[in-house]
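You will see subunit A twice below: alongside subunit B first, and alongside subunit C after that.
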Partner chain A sequence: MNEIALLQNYLIVGGLLFAIGLVGFVTRRNMIVMFIALEMMMQGVAVSLVAWSRFHDNFGGQMLVIMIIAVAACEAAVALSLIVMMVRRSSNLDIAFWQTLREEGQEPTLDVEVPEPDDEHEDWPELTPAGVEPELKPEQIGYRSRV
Partner chain B sequence: MFEIEFLMTAIPALPLAAALAIALAGPRILKGASHTVLVVALALSMVASVMLALQVQEKNQEEAANGHAGGAVVTKTLWHWATVSKANSAADVSQATAGGEALADSDSLDFAIDITLRADALTAIMLVMVTFISLLVAIYASGYMHGDRGYWRFFCYVGLFVFSMTMLVLSSNFLLLYVFWEAVGVCSYLLIGFWYQKPEAAAAGKKAFLVNRVGDFGFALGVFLIWTTYGTLNFHDTVTVDGTAVIDGVLGANRIAQGAFATGGVATAICLLLFVGACGKSAQFPLHVWLPDAMEGPTPVSALIHAATMVTAGVYMVARCTPLFDAAPEARYVVAAIGGFTALLAGIIAVTQTDLKRVLAYSTVSQLGYMFLALGVGSSAAIAAGMFHLVTHAFFKALLFLGAGSVMHAMGGVIDMRRFGGLRRLMPITHWTFLIGCLALAGMIPLSGFWSKDAILLATYEAGGTGMGSWEHAGTFYMALFVAASVTAFLTSFYTFRAFFRTFYGEERIPAEAGHHAHESPLSMTVPLMILAVFAAGVGYVLHAGGAFENFLAQTPGIGAVSHEAAGQAAHADGHGAEHASAHSFVMSLSIFLAVLGIALAAYFYIGELKQIDRIARWIRPLYRASLGKFWFDPLYNFLIVGPIWLLAQLCYFLDRYLVDGLVNLIGSIPPLAGRILRKSQNGMLQMYVLATVVALLLLAAALVLPQLPATEDDSSRQAPADPAAVSWDEGRLEEDNAGRVASAVRPSLRVEGNQK
Partner chain C sequence: MTLAQWLAIVAALMGVGLWLLLPRRIAAGRSAGAVLVTAALAVLGSQLVPPGAPGTVVANILFYALAALAVGSAVCAMTFRSPVYCAIWFAMSVLATAGLFLIAGAQFLGVATVVVYAGAIVVMFLFVLMLAQPEGHAFYDRLGFEPLLSSIVAAVLVFMLTLCVLTPGTLPNEAPIDAVKVTADGEAAKPVVLNERHVAAIGQHLFGEHLISVQVIGVLLFVAIVAAAAIATTGKRSEEAQAEEVVS
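Up next, the complex of A and B:
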């Protein structure tokens, strides 16, 4: 297998990774899934970088990839913590919940209405009430409703 | 004793300094004491003016002793305002191509404007008159304007006016004359509209300014024509910029000595254009309509600007340009005709006006007409008479206006003669001083108005007798003007005493507005009245005695030239001395008779019941209606000029509003429309943004890659040999492989991407 063919294979793998990641990022609304798709795109880029680096006999690219992995780890930590914070605020993972960047006066884009949660028919375990219900601070109510 | 150059600078500088000081310190520091600064400055200025006049007289005598005719002129160049050397002058090119001889002349086409002051007899007369009247008016105004909200503003404007007016008479250059001509117009506008909250005052100020624009336009054209004709705008002789040659000033000594004035059509055009400017400023027919309305301003302003000083600027200018008018006798006829006609017309209108200040305003227009009539007659005696009337008129008309202001002050702002009467016991000082002013205006011997009016009538009569000029009908023409002037003299004394009797005699009536104000005015107002009364009574005889005024004025270079010429005529006419004396006594007795007749008739009709005058008014109903309606000039101008311009303005307004603005708004509405469409994409959905980025990236990539692809398979086979170079993306690696394989390896992958699009 000559150099060019080798490069091609790697590039195809990298391109596929990137493309799948891109499609995943655009089509999925779960923030965690989107984040994974994003990571995939980045790994696609990393693969092609490694391939080109090998093709050119220049290991700068491979070093860059190692750095990308390190940065990606940091970025993952930051992004996941952000996601956690957002979930705490909105109680769901749907990215479509966050549309506040839209133009002023623009109607929010809505899916089919999600039915209001029906507490009566919900299969929550019923516990015998005991003791005093702790007072909740108003700002805690928003994201403690399911806890 | 100060140097004359210093005095020339100090006279305008003092009022300007006072105006600036009041403008800066008036509203906060000076407040009610604003007048003191101006009064002190004007007093100093007046003393300087008198000293200047004495020094000019001294210099004139020196000149005469040295055997130089024509009197002395002192010029002082403060600085060079503008200098455009001849190289930049377009006119120079035409001059140079005209021929070798014209080249010497083209030196004079340097466009050099100097700020030059000039003192001669004419200027000295005007300066003394202006500063004296303005000093008294400023003192009077400190009482009249007492407690006004814009007290300091008033004195600031007056200071500015006196500066402009003194500069106007001092300037030795047509452009500078024009500048200060405009400056006094601006001050007039500011002071007419002084009570700008009053709509009539604001409208009157605007009207005065706009009507003056018409005249000033003519003046400006006249100045342009002087420039193209004489190649300089200076009155005095100047040295060229490079200092090699002397430019003869328009009214310079060289030119007057040589008599090198343009003649014929050009001279007539220059003079008529200058006269249009004079008509505007001096309120002559057909531009007289602004002056009666200007009475909306404070009365001291009416006295100072619209009776004594500014409105005489036109007379001054025509007198200053005497040599130019000498070269254009046809223009003289126009000046005389307009002057005589205006005098009569304004006299007729003044007879029926019921507003005291308006009577005086029309009287001013009429008296200015007299002055122009005298200037139009054009003999040296006539010009001296015109200037003499200017001076005496300044005194007695300022006196009358200030008296009217005193009445108005006491009557709580009411100036309609139908609403008050019999004020002689209430206001004794105003009554007596007003009487002296009225007698002077009516031309009663031996008050000042008699001497000057008599001189004008005499000059006109003699011109009618000798038929001055080349025109065959000149004799008849001047005789007709003499008759008109005589009728006007009668009308003058009639309307003056009509106003006097209706105000001060008859049953005592005081309007409700007067309130507790109905008493004699304070000392600050009555003292200027008394001083002016003394001058109005005495100045005529004092200046007339022994021809002092005439001799002094004749020392003005331009006018002196005429007097020189006329001196020859006089010597020639010595044989007619007896005729002259008989003409003089005839005119004198006629003028006294007319004055007495007017006073007697006014007394007969207006003391007591007004029945008889009503009968006469019915008897000459058309004339009465015309006079009462001021000959319908305002409606006529409204219909002929204001109306069409208003319509045009409306048309322009609609074009601007709907066509121009519509186009602009149309273009302006495109971005919002585009924005409304594009705004939908700005929906805050993260994935839409990502998609947009991806699509844009793909488009960009396609735009970069597609042009490098062969359009069809055929093209690619044909271009195959050239391909290696086209896709040489890494020479170092490709050395080992042959070019064909590289091409085949690369192309399919590119094509895949291309097909995706």
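Up next, the complex of A and C:
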């Protein structure tokens, strides 16, 4: 392997992952997607660390990546429990619901115009009805309201 | 054209492509954005030095395929409207990253990444999504905060990082791994990271010189578990208290 080229390429991949994650974290409004963006940034850092570990022929970088994975697991536990808490109050995942916590003098975010949903994902297959519809007990109907 | 001009083209294509792909008020131009981001990655790939040894093709193909998959899936994960697709593309990106770890001689980390990220964290994302957003499409997934400004930031960041890494002289000129090390006995020393017994070596380091870090991580995990349980149950208690207030 051409070690210097390997290091350069890995650093570039790591930097791209970090930049894309940064954009996603700043732009997206869904709390889950923001969290995915955070994890993406940590992946970028991990790629860079593994490349440096290989380059210097030293396990220090890989040890640091193990620590990053453990910290990411901790962060996932705490952040997802926080998200579940916030969803209980606001009943959606929108981060703009909490914009009353913004800095003083900051303009509020107002949704003046919401784009229509694009129907590219709405195109679910329709199954041909076959046979006789089974009779459901009343408790089954109540239990499976969405299916 | 010089390297800086090529990288400026890459950054501009990347920025415009991301801006077109991100959620905006006008939802048009997403296929054009995908084309621009692909073009940016292709131009960037043409500026890279192939990492494989001279004469080997397979290593280069593997690296380029995995790198393109990792970055492309990352773009998809940040720009898709449905958060379920975002989580699945993130899992794809993590799998490609695990492949990159394998190429770089970090087998244990590759497996650990697949198990922890793709196996546990993505499934947890999907569970929370199922609990919080069961009806699917929400209006806030089709809107974003300042996509133009953040795309400009991404373009500047990509330009600066790639320029710093690719300019000759900023990185060391010679890799320590290339130099043949000699032990005290006069024999060539074995490489450390590219050890045949990789997991044994990594375990020796982890529970040898990094033992205190392992202990600290253990404490951190314990604190995180307690904190998660405390946050979740506190929320429930306050909800019950509110319900009691309403009743009384």
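Simple rule for what comes next: the second predicted complex is superposed on the first by the 106 of 147 C-alpha atoms of A that agree within 3 Å, B and C clash if a C-alpha of one lies under 4 Å from a C-alpha of the other, contacts with A are read in each partner's own complex, and residues count from 1 in each chain.
By our rule, a contact is a pair of C-beta atoms (placed from the backbone, for glycine too) under 8 Å apart; a residue touches a chain by one contact, two chains touch by 3 or more.
Owing to the predicted nature of the structure, the values given are computational and were not obtained by experimental measurement.
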Touched partner set for A:Q99, first subunit B, second subunit C, both or neither: first
Contacts of A:Q8 with subunit B and subunit C, given as first, second, both or neither: both
Which superposed partner A:L17 touches (first subunit B, second subunit C, both, neither): second
Which partner, subunit B or subunit C, touches more subunit A residues: C
First (subunit B), second (subunit C), both or neither touched by A:V87: second
First, second, both or neither for A:I36, with subunit B first and subunit C second: second
Partner chain in contact with A:P108 - subunit B first, subunit C second, else both or neither: first
First (subunit B), second (subunit C), both or neither touched by A:V65: second
Touching partner for A:A76 - first (subunit B), second (subunit C), both, neither: second
Residues of subunit A that lie at the interface with subunit B and also at the interface with subunit C: 3-4, 8, 22, 26-27, 29, 55-56, 95-96, 109
Subunit B partner contacts - residues on subunit A that touch it in the complex: 3-4, 8, 22, 25-27, 29, 55-56, 95-96, 98-103, 105-106, 108-109
Of subunit C, residues touching subunit A in the complex: 18, 22-27, 44, 48-54, 59, 63, 67, 70-71, 74-75, 77-79, 81-83, 85-87, 90, 93-94, 97, 100-101, 104-106, 108-109, 112-113, 116-117, 120-121, 124-125, 128-129, 131-134, 137-147, 150-151, 153-154, 157-158, 161-162, 165-166, 171-178, 191-194, 201-202, 205-206, 210, 213, 217, 220-221, 223-225, 227-229, 231-232, 234-235, 239
Complex contacts: residues of subunit A adjacent to subunit C: 1-13, 15-24, 26-30, 32-33, 35-37, 39-40, 43, 46-47, 50-51, 53-59, 62-63, 65-67, 69-78, 80-85, 87-88, 92-96, 109, 111, 113-118, 121, 146
Residues on subunit B engaged by subunit A in the complex (per definition of touch): 679-680, 682-687, 690-691, 694, 730, 733, 737, 745, 749
